[in-house]
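The structure appears below as structure tokens.
Read from first to last, the chains carry the letters A, B, C and D; within each, the first residue is number 1.
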């Protein structure tokens, strides 16, 4: 039985037994290569669920929809490894109760998907530990290194050209499971820390703030990068920041619901080579 | 340039240690360059990275961020948190090409008036050598001119 | 007489237009995004793009535009106005959907009060549109009763000749004629077969949808919640929409001097309608999506007799969660029948 | 498409500059500013266009613009008065301005109360809290030509005694024999020396029971008060066509372009802010 069939069946069981009130998964998209988030509430709708290599989106952001988990009922959700990490972070930041989440985990390979054993977010320590050890995507790493090898002026010019394109649609923020603030810093106007105008300066500010707020929290699901309508390579900044927290603090975000947030914790002997 | 360039430096300091240290430098009549504008905050933990960005954007040529030595924080752990934040923020600035040699971090206690005076002197010299910070100029100019199309 | 603009004469055309004081702007792929930008040579143009990522809207209504600089004194406030550059320009290679969108927004920017920024640019621009011979899965102009060669909003319509050697020139306005007078000597009159225009399938029944939307009963329908449940509330669809025209004013500066700007804004943002008191008339994402659809296909046509949609399909094409106008109107068509 | 620009300028977004000539505290957090135009041309345009009910966008450069009604009546056009509650960025900044400071103003925009149609009729004004200013503009427009109208009744309520605005004018109205003034505060909001009603506006209105015959009602207040007062008015026999109210929404442009005040088929900034209750009931209620 294919994993798609297996999970359709599981979703149907969860729903008909009343264990979960809702299953968040993937449905067919507008075109054959697209998948879209799908919300299934009854067992007979589960045949609309899809699971294949085109299922790229990290659905965990929907879990923090206002009021969704307030009734203490459980929700089933299709999650890849990044999604599982996101749920861990959301739990560690007290945004949800991890025991309300029933995970149907999957691993995406080049052209297929495989199932991940487990249904509670605590069931995946081995998978996550292996993920931490894995070298990140070679293509991305190469690009990050290419930027690192530039002079600061070149780097600045590179990002200036990228951020010039930004139209401040905030798709990067809205699609990100970690951007759950009820009022984002750019939406505050007393004081107005970030200029809302989308000139290059305002865009630069916004993108720096976004990247900083995600440092040590981003799980590199690539959602922002895919969502960006003007194709700014946001994943490169996220990758670089993830490298930093791994190097400096051995922090790999989303390992468990009990993990401390890297910028809200400290060790007395943290490295501080740059401080005079 | 005929006249020597005088950099503008903004110092974000915590009130309990570095500000007291600066005070001590003053009362001890230690000489340091007048290029620094001090902004006093309750704790280094209160210093948002936005402050640094805004200072550079609004015309500072250099920024100093300074607070209590690790273990001496008036609020026990504010500077430990700040330290992590700075580490990560520096990486971000570096990756986006904002020069790190214009931003300096230090621990200066209330007793270290001499260290404060010396740090300001050396920082001012260094920034003077680097020249005015003009990287943001083109972007600021863009915000002040009509759309070209 | 049939006149043909040959592709290999484009460089000469651009030179002549430049000499006559026109800026020439066309579709380009730059830094991984396709958009309209000024060109010096024909080789910079990317005319094979079916539809650019970003619309021609930004050439009339920029994403952020300084309106005036203020300087505050004790006795007076000095305001220095910033107006559009005031140069004649030719937008070469827009698509019929983008061009019609500009015409659709004209009455909105002009009812009673005329928006100088919009109309000055509109009056200075010659829209040279290329009819579409290709479409993709998201194009839906035909569903909006427009077509891959709709003349609405264009000053010149170019129809590709078979083999891609050039275009049939169709003059649609005096402004277009003036611009093409400059290059008349370069036009060819040899007969050439026109390539057929793209066959864009009809994706929904607009009349049925409009009728359904006009029924007050359906305003509170559960449909809206269902259709927008996965909407994440970003501004992609509105900012990439050629007809979406909502904006915001922002002051940048301090109490002595600064600039007031006109920025794009989006009805899909929660803050768009939020009162200072905290009351928000459209506090849920479903009410915001409903507003977008109602505005485009009910309120706007009620006022200006046109749908506020030209069928470019960017909202569906670029949506991070694969939503869009097409899906909503398809579902309404199904529901209503 | 007409070339009309109410401020006589080519750029419709460019504000006029006004000087604060008087500033009054009305209630906690509520202030009134009296403004005068610096440029006589701007003032001329205002004289030409302003009618009671229209609104303006008041601003401070560097902070932005904020929309509220012109609280002074169309019978007094030498100045503009505006009353507002200090709540956001712009209103805080306006509240902190001093006499002599300069502010920006765009307007007057929107539609108006058709006061000529009220001639010869009885008038019932009902206002709640900070919504007295728009009502007050109509009240004075009518009182300044008192002989043209029949009986005038004003029902005004606020949360507490301190929250009543225009206290000096309430006193003046109280002492006039040609006005029936009914004042009320919400239960618990009364002070020891309060001698008027205690209770919510709809209840007090029903007790006062003004006759609907040949009567126009002007109703302004927070949404919840409007909702219940409309029920009371219906009970008293008022037709929805004879009840006028003003709507408020967030606005940026004021001239029907920026899109945010759109409710149903109506742009409040152009087709409003004055509507009859009959018109309001045709709008999608959940979007209000």
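FYI, contacts are C-beta pairs under 8 Å (C-beta built on N, C-alpha and C of every residue); 3 or more make two chains touch, one makes a residue touch a chain.
Treat the numbers as computed from the prediction; the structure is a model and nothing was measured.
Enquirer: Check C-D against A-C and say which one is joined by more contacting C-beta pairs.
Expert: It is C-D, judged by the count of C-beta pairs in contact.
Enquirer: Can you figure out the chain closest to the middle, judged by Cα centres?
Expert: Of all chains shown, the one whose C-alpha centre lies nearest the global C-alpha mean is C.
Enquirer: Just the number, please: Cα centre separation of chain A and chain D in whole Å.
Expert: Taking the mean C-alpha position of each chain, the two centres sit 49 Å apart.
Enquirer: With chain centres taken as the means of their Cα atoms, state the distance from chain C to chain D in Å.
Expert: 38
Enquirer: Could you please state the distance in Å, as a whole number, between where the Cα atoms of chain A are centred and where those of chain C are centred?
Expert: Chain A and chain C have C-alpha centres separated by 32 Å.
Enquirer: Please work out the Cα centroid separation of chain B and chain D, and write it as a whole number of Å.
Expert: Centre-to-centre distance between chain B and chain D: 50 Å.
Enquirer: In chain D, what residues contact two or more other chains?
Expert: In chain D, 88 touch at least two other chains.
Enquirer: Name the residues of chain B that each touch 2 or more other chains.
Expert: Each of 143 in chain B touches at least two other chains.
Enquirer: Counting only residues that touch at least 2 other chains, which ones in chain C make the list?
Expert: Expected reply: 64, 83, 248, 250, 252.
Enquirer: So in the complex, which bits of chain B are touching chain C?
Expert: Going through chain B, the ones touching chain C are 143-149.
Enquirer: Give every residue of chain A touching chain B within the complex, in rising order.
Expert: Residues in contact with chain B: 147-148, 150, 152-160, 193-194, 197, 199-202, 204-205, 208-209, 211-212, 215-216, 237, 240-241, 244-245, 248-249, 262-268, 270-272, 274-276.
Enquirer: Name, in rising order, each residue of chain C that touches chain D in their complex.
Expert: Residue list for chain C touching chain D: 67-68, 70, 72, 76-77, 79, 81, 83, 107-116, 216, 219-220, 245-251, 253-256, 258, 260, 262, 265, 267, 272-277, 279, 281-282, 287, 291, 295, 298-299, 302-303.
Enquirer: Quick check: in the complex, which residue numbers of chain C touch chain B?
Expert: Those residues of chain C that touch chain B are 23, 25, 38, 59, 62, 64-66, 69, 82-85, 89, 252, 259.
Enquirer: Under the definition above, what is the set of chain A residues touching chain C in their complex?
Expert: 29-31, 34-39, 57, 61-62, 161-162, 165, 167-171, 173-175, 187, 195-199, 202, 223, 226-227, 229-231
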